[in-house]
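To keep things simple, chains are lettered A, B and C as they appear, and every chain counts its residues starting from 1.
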Amino acid sequence: MSNQIVQGILLGGYYALIACGLSFMFSVMRIINLAHGSLAVLSAFALWLLASRFHIPPFYGLAIVLPLMAVIGWALQRFLLERSARGGALLPILTTFGLAIVIDNFLFEQFGADTRSLAPFIGSLSYDSWEWPGSIYVGKLAVIIFVAAVILLGGLQLFLTRTGLGRSIRATSEDPDTAGLVGVDARRANAVAAAIAMVTVGLAGAFLGMRATFDPYAGATQLLFAFEAAVIGGAGSLWSTLIGGIVLALAQTLGAKVHPQGFLIGGHVAFLIVLFIRLYTSGLGLRGLLRLSTGKAS
Amino acid sequence: MSLLSVENLVVRHGLLQAVRGVSLTVERGETLALVGANGAGKTTLLRAIAGAHQAASGRVIFDGTDLSGVPAHERVRKGVALVPEGRRLFVQMTVEENLLLGGTAGRPGDWSVERVLDTFPNLKPRRHAKAGHLSGGEQQATAIGRALMSNPDLLLLDEVSLGLSPLVVDRVYASLHGLISSGTTIILVEQDLNRALSVSDKVVCVLEGRVALAGDSAIVSRDEVTKAYFGLHRKGAEGVLA
Amino acid sequence: MSTASPVIERGTAASRIAGLGVAAIIVLLAVAPQFLSAGAVDRMTALFIYVILAAMWNALAGYGGLVSVGQQVFFGLGAYFAIRLANAGLNPFVSLFVAAVIVGAVSWPISLFMLRLKNGEFAIGMWVIAALAHLLVNLDRLIQGETGTSLISLNVYDASTRRLTIYWLALASMTALLAVLFGLLRGSTGAAIRAIRDNEDAAASVGVRVTGTKRLLFVLAAFGIGIAGALWLASATTFQPKTYFSVQWTAYMIFMVLVGGIGTFEGAILGALLFFLIETWFGGTGVWYLIGLGATALAFSLLLPRGLWGTVEERFGWRLLSVGYRVRLASGTAGPTGETALPASITTHREKA
């Protein structure tokens, strides 16, 4: 059992990774990007293509794919989100949903229905493990993903609190009009935030591909995982996203123990229970379930 | 050449014409007091100069350049800084972070976090406190400091005394006095007529979105300003208050 | 503001003619199977179901301001409950409607806490609900996981009776649901709905029961989509959870409403018609067809967010099925809604419906 708990916690690192971009974009631009999961899968396919066609190992492939994701994020904000956000809060939902459909089916058109994995391209890393005391075996890859998540979340936190650009992004998220009045280019801050979010999505997609399989329609599931982890973690700091990811993973582990098909059910149920508790304990202060307070702890 | 000239500026909020053809000029180093009743259009005028509202017609010319269509953050870079009504601090960020944000435009000058803290000593112990946890006076000082951090050529102060106790207002104005005498160009909106007249070189009274009176603060009488304030200077307006 | 006495009307001459036209169309549709091939009858049944889906999603998003990407949950549950009821011995045709009633009942507790979510959170929260419902239905032994099952008891009817009955049931369901929605929008609830659509906070501040009204729309949409799912099951007879709980259904709904005109009664119907034609012509192209649908929805949300009907309505002041009131200003300086200053001497047609 303790073995499964450790595995669950490590898996939580992956969920935190895919969730942090979603909640980051939401807290800055108030937009939930429904193409979030599809973009992660797009990144996984890009790495797969580089590895299988051009023999570039995924870890090197990231050097190509992550900058590309940053550009996609920037373009997404400038050409789609910025424009549709002007039409109210509902339009970006529809825009990003349309984008998700385009991406999913485009991937299907290009790569077919087969499930793929990056595991064959990362050598023994996909199955190597360390033995921890208590005869617990932990996969090296799972540990790497978890550590990467912690570094990413910590780095993002430092970036937001210690750099001018990070402060500009926080100021824009708090009050875009006033940000403009103190000299912050809110459009640029938003585009940078979107680019950063997409880099995290790209990284999450890479790890998705390494630790499991994916297919063109896998984006929806990843979006739901990201959303659930973010909501379970709740509004706190970026670190609460990590807690959310771990809780989600543990609930799934528990679900799988109860019933062979209970893995996903466990996660969804945990999400709904947390949602239920939060809705009835926090009163009506729900405008922005996902909003992060990126400032220092108060 | 005037540092700022506003020409026939018209600003609308939807149907409402808040500013209806205002013209005024401010010379370098001058302090101009903008007075008028609530809803006269003072705040809208300042925000339009700062770029928070786009003008429906007319022009704002600053330092020889037409600012039409220039977004707010670009205007900060050109040297216009607004201390907005109600302070509008980033409440989830610390005093220091608010001040640093004010320096985003990167204009060269003397202002630094240290200098702001020296100018407003009450902020010193609050440097790392969240802006949302400050007292009214501390918040106002932070808001002014944030604007100064951009080393502005023109500082726009919108009701800096609003919601503060008289004692705190005195302290804020004492700090401003240094600025005014140091030659910073300032437009300030102030409800307290005596104070407005005493700190300024020129006074402009706005009524229903139009300039009702403009003159030298030293020359115009309080009585004239009061009349303009209530619209009593107009012919046939005698019955207004009846 | 200069005063020009406004004239308040309900509908236009065109809309009265349109009312008669609608009645004629329904009568024609009712007798149409006489003249149509079996395949065409099936396609028409599909069209009616699309109209229901579009109208119900529009009721939720266009009027209630609730964009859901999980409406497939009610489609799937409608079909599932119908299977269950028919399996328990209920007449299959009766099962379809009882199933929809159950879906409506199930949606009530869901609404209790989903409606406390806002915008994107509501949208994706509904998706979680749909995913969970799909997984739970898979657990039912009767369904046999993704293998699925079929509405076997329909086989007691011969093919042509079955086809015609489903056709008429779909037509009747569509007509009834559209009539209910129309009545709702025209009645006192309609004013509340339009107020919420235009500005939720303002509506709440003048005493509109925002949550209650939204809940009504939510349950209505669930019920309607439940019927659609049950009818789809009846015409397809097989039930595979994956097909019915697919997010594709919501994608279709969004496409139809966005293209037709979100928040307009006629727009949803127009969107369903266009979708039906596009599917008929391009459905065979498979994945490119789906890419096209997504791209069209994307383009409409960016470039023409009011959709075809919304744009036509705005530009020409057309109105067929009038659900609101119209204020005509003979010559005014401004519209009554306080949004924009309009140039003088323009005749404005501003109507909120």
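Throughout what follows, contacts are C-beta pairs under 8 Å (C-beta built on N, C-alpha and C of every residue); 3 or more make two chains touch, one makes a residue touch a chain.
Note that the structure is predicted; figures quoted are calculated from it, not measured.
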Which chain maximises the distance between its CA centroid and that of chain A?
B
Weigh A-C against A-B on C-beta contact pairs and write down the one with more.
A-C
What is the identifier of the chain with the smallest separation between its Cα mean and the overall Cα mean?
A
What is the distance, in whole Å, between the centres of chain B and chain C, each centre taken as the mean of its C-alpha atoms?
52
Chain A-chain C separation of Cα centroids, rounded to whole Å
32
Report, in whole Å, the distance between the mean C-alpha point of chain A and the mean C-alpha point of chain B.
44
Multi-chain contact sites of chain A, meaning residues that touch two or more partners
none
Note the residues in chain B that touch 2 or more other chains, in rising order.
none
Chain B-touching residues of chain A, taken from the complex the two chains share
161, 164, 167-168, 170-171, 174-175, 177-186, 293, 295-296, 298
Please output the residues of chain A touching chain C within their complex, sorted ascending.
26, 31-32, 34, 80, 83-84, 87, 89-95, 97-102, 104-106, 108-109, 220-221, 223-224, 227-228, 231, 259, 261, 264-265, 268-269, 271-272, 275-276, 279, 284, 286-290
Using the touch rule from the top, collect the residues of chain C that touch chain A in their complex.
61, 65, 67, 69, 113, 116-121, 123-125, 127-129, 131-132, 135-136, 138-139, 247, 251, 254, 258, 287-288, 290-291, 293-299, 301-302, 305
Would you tell me which residues of chain B are touching chain A in their complex?
50-52, 71-73, 76-77, 81-82, 84, 88, 90-94, 97, 100-105, 130, 146-147, 150
